[in-house]
Amino acid sequence: MIELANVHKRYGRYEEALSGVDLHVDPGEFVFIVGPSGAGKTTLIRLLYREELPTSGTVRVAGKDLSRMRPREVPYFRRQVGVVFQDFKLLPERTVWDNVAFALVVTEVSPKEIRRRVPAVLELVGLRDRARMKAQELSGGEQQRVAIARALVHGPPLLIADEPTGNLDPTTAWEVVQVLVDVNHRGTTVVVASHAKALVDALRRRVVELAAGRVVRDEVRGLYVHEA
Amino acid sequence: MKLNTWCYMVREAGGNVRRNTLMSTASVGIVAVSLFVLSVFVLLALNVNYLAATLESQVQIQVFLSRSLSTAQTAALRQQVAAVPGVRAVSYISAQAALTQLKREFGRQQDLLSAVEQHNPLRPSLAVQTVNPHQVGAVAAKLKGFQGVRKVTYKAAVVRRLFQVADALHRGGLILAGLLCLATIFIVANSVRLTVFARRHEIGIMKLVGATDALIRWPFLLEGMILGVVGSLIATGVLWESYRLLEQGVQRTIPFLPMLPSYPLMGELAVSLAALGALIGVLGSSLSLRRYLRV
Amino acid sequence: MKLNTWCYMVREAGGNVRRNTLMSTASVGIVAVSLFVLSVFVLLALNVNYLAATLESQVQIQVFLSRSLSTAQTAALRQQVAAVPGVRAVSYISAQAALTQLKREFGRQQDLLSAVEQHNPLRPSLAVQTVNPHQVGAVAAKLKGFQGVRKVTYKAAVVRRLFQVADALHRGGLILAGLLCLATIFIVANSVRLTVFARRHEIGIMKLVGATDALIRWPFLLEGMILGVVGSLIATGVLWESYRLLEQGVQRTIPFLPMLPSYPLMGELAVSLAALGALIGVLGSSLSLRRYLRV
Amino acid sequence: MIELANVHKRYGRYEEALSGVDLHVDPGEFVFIVGPSGAGKTTLIRLLYREELPTSGTVRVAGKDLSRMRPREVPYFRRQVGVVFQDFKLLPERTVWDNVAFALVVTEVSPKEIRRRVPAVLELVGLRDRARMKAQELSGGEQQRVAIARALVHGPPLLIADEPTGNLDPTTAWEVVQVLVDVNHRGTTVVVASHAKALVDALRRRVVELAAGRVVRDEVRGLYVHEA
């Protein structure tokens, strides 16, 4: 599903955010990306849905080399990936419904289908009664859950979540993670960058640890920190 | 794209206009003001042309006839002249009529004319108007060869000057209107660009969620079109009323100044402005979007 | 406020201009175009006025003298007339000169004049120019009472019409210029408003961190001023060059059309435009800010 | 320091975000505000620095009734409060330095003093070497730390932090919380809204729990969840 080979990423004149990352993720896997603040987790994730291109090295996702992809193919590629952004990236003046439905509108799903799927996914993240509110009127945690709903609604084969529980209380966070696990069980590949030690330790899935732009650990049933 | 998607885009465009009241009002205002100023220039140019044309049409060829011509001969000659290509109207002025007119033109200095009253030295003549003022020279030359014509004159220098002035005004008017059209597009493109700039984050987010350029672009283009047309409607309304008032004012104070009547003119202008407004809106939006579609 | 704070605000304004290249260019462009169009109107109005004034100054009073006046008497009368308040220039036209001029004016129709050649029926006259064309009527009335004056005429109807046209143009020009000034302020205010709108979040954040309204407002006002002045400089440059070219063109094609010389005119215009640009920028910014300062 | 009496807050036509909150915080206290997503924590905090006014009830901070405050006094009041916003609220196109220095510029501190204090506080949150980068170029955790630095730099008597560790890894989060504790020891009143169970439980400070807009618990040496 994901194949990174000797990937380097440098933003402008600054030092490298990623230096020589190799990573292979099979379809159906559930991977946590952990590491201290500024380690390069978000950068890695940005490469996966082609917000950024690597400075060198190759990134292959769903069989496609993203550096070689033509601009007109990009939208169609992105529809196969659901992304929960660290800063949510909601349309602030649209309603929760519009924000979630937008991921379906772009793929030209019929209005009927939209009216079926949106409430279902909002139910899943516990925001059924917030559908008519504007995104900017929501609390931080509610916004985060809208972002998760939007990433899930079109049932993408690959789901990427960057710090999806940072603004959630432990109970809600646990519920959201269960949703991700569920989705994974139904065959979706899931990549989650997270600082939530409790969750990572409870799930014991594959853990990839980054530090200063390098992969320093890759454990199949790992914990948030290396077992000493 | 599917019909549903088109519906979505139209709804989207309408929603944008409503949601961003401030920016919509601003854009509509700018389009309205620009188109209004543009139209004022166009109307000015059109009216100057009309004025020049009116003056030009008053330039006549005077054909002095032999004093010995009989009435029948005169009538025949007149028909002959009227048949010359390019001649629009011919009228006969007897020697007596010419003297009377001369007296009137001389005004106070009639001492001179009293002296010649008893023996009219003037000739009868034909006043010839051409269809196109530019033909005056050619027609005059042709008339010179006719039987019974003694002399053909026209105010060559005055005609030439008038043409020069009209031409200069015409050319100047065209250049000015062209400049203003560019200015309008520039202003509107800029204001749409600011609108798009204010929404660059939104556009970026849409692209990240997998929207194609077309899906993002069309609502903006439609929005631009709506704003442009609304702006042009306002401009037309204000213009129409102003022109009416101006026409009345001119009628009252300087009635001898010819002005284009508003009837067919304003209708055509309204249609042109609406089309221009739509075009400007769409052009402005599409120019402005290009830069932010690269995400 | 402390000097440091002022320094901060000036640096801030400069930084904003540089950072927001797009919006700065747009605003400068809009100011430049608006001021340019405005100036074109003003120049047009000024030149029409100048033209009217030139034509007006050519309106003369003709004072016909008694044929019996001796040369000395004529000279005395001439001095007397020249002393009348409001008279600018007086020139003597002998009967002979009048006939020659008449011949010239008559052009081809000299048949008439040949008939009166041997016995000149015309009178000698004085051509009187007034300082101010509006005084023509009053001066003429006064001259009527002088010894040796037989008749005083001036083209009353023509003068009246000319005044009407000039007045109409003047008034129309003023109204148009006023409208355009408003339009410019409106356009600029709107574009600055869009700029501020695009930065409303920034403004909100500053207020939440404890910035006073003054601290937020001043950099924007200074920025508006800078943009306005830069825009006006561009407008002045383009205008100056265009006017020069136009002057040359007119000189070449219609030399008899009087135009205001560019020397003192353009300098004054440059200063006025700079002031206007600064004012517009500041006004635009301050109008636009009010709404977003309520956080 | 803080005195809320029967405070209600309703946003527009929606149901109340706060309904009848009473709260008293003494100078020098350290208070955690906890509660599930959407409970009203951020709303409570917004009332404290007068971003919002209560629909009814009184809010007194540093002896002033915020509803009665005249608009021109507001900036001067806000300078006495340091706020870490849940969504950071940094100026995205300014450098880290400018963002932090701005809190000093508004109080007309001399440039010399600014050059002394800014590096010191950046050191404290571990971002000394990021000073020249633009805020939008930082990772999520780095942005959060800039927000914390800005709230601290002018040494306000009251520090309010809304979810200040949501984007930080446990180690960095712990360091940041130690900074807050330090500041508190030097006399600053600190109010922190947080979901970080581990931190709340480790510190054992006063915990105020909100649920659906009401105070449901107020313990002096509390845990994130009620001891059963």
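First chain written, first letter: the chains are A, B, C and D, and each begins at residue 1.
Convention: contacts are C-beta pairs under 8 Å (C-beta built on N, C-alpha and C of every residue); 3 or more make two chains touch, one makes a residue touch a chain.
Values in this document were obtained by computation on a predicted structure and should not be read as measured data.
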| item | value |
| --- | --- |
| Given chain B and chain D, the chains that contact each of them | A, C |
| Two chains sharing the most C-beta contacts | B-C |
| For chain B paired with chain C, centre-to-centre distance based on mean C-alpha positions, whole Å | 24 |
| Computed distance of Cα centres, chain D from chain C, in Å | 62 |
| Distance between chain centroids, defined by C-alpha means - chain A, chain C (Å) | 67 |
| Inter-chain centre distance, chain A versus chain D - centres from mean C-alpha coordinates, in Å | 28 |
| Graph class of chain-chain contacts, one of line, ring, star, complete, other | ring |
| Listing of all chain pairs that touch each other, if any do | A-B, A-D, B-C, C-D |
| Complex interface listing, chain D residues touching chain C | 49, 51, 72, 75-79, 83, 85, 89-91, 93, 102-103, 105-108, 110-111, 150 |
| Touch list for chain D against partner chain A, complex | 11, 14, 34-38, 41-43, 86-87, 133, 137-142, 145, 162-163, 166-173, 195, 197-198, 224 |
| In the complex, chain C residues that touch chain D | 1-2, 4-5, 8, 19, 202, 204-213, 215, 295 |
| Residues on chain C engaged by chain B in the complex (per definition of touch) | 22-23, 26, 29-30, 33-34, 36-37, 40, 102, 107-109, 111-112, 114-116, 119, 121-123, 151, 153, 161, 164-165, 168, 172, 176, 180, 183, 186-187, 190-191, 193-195, 197-198, 249-250, 253-254, 256-257 |
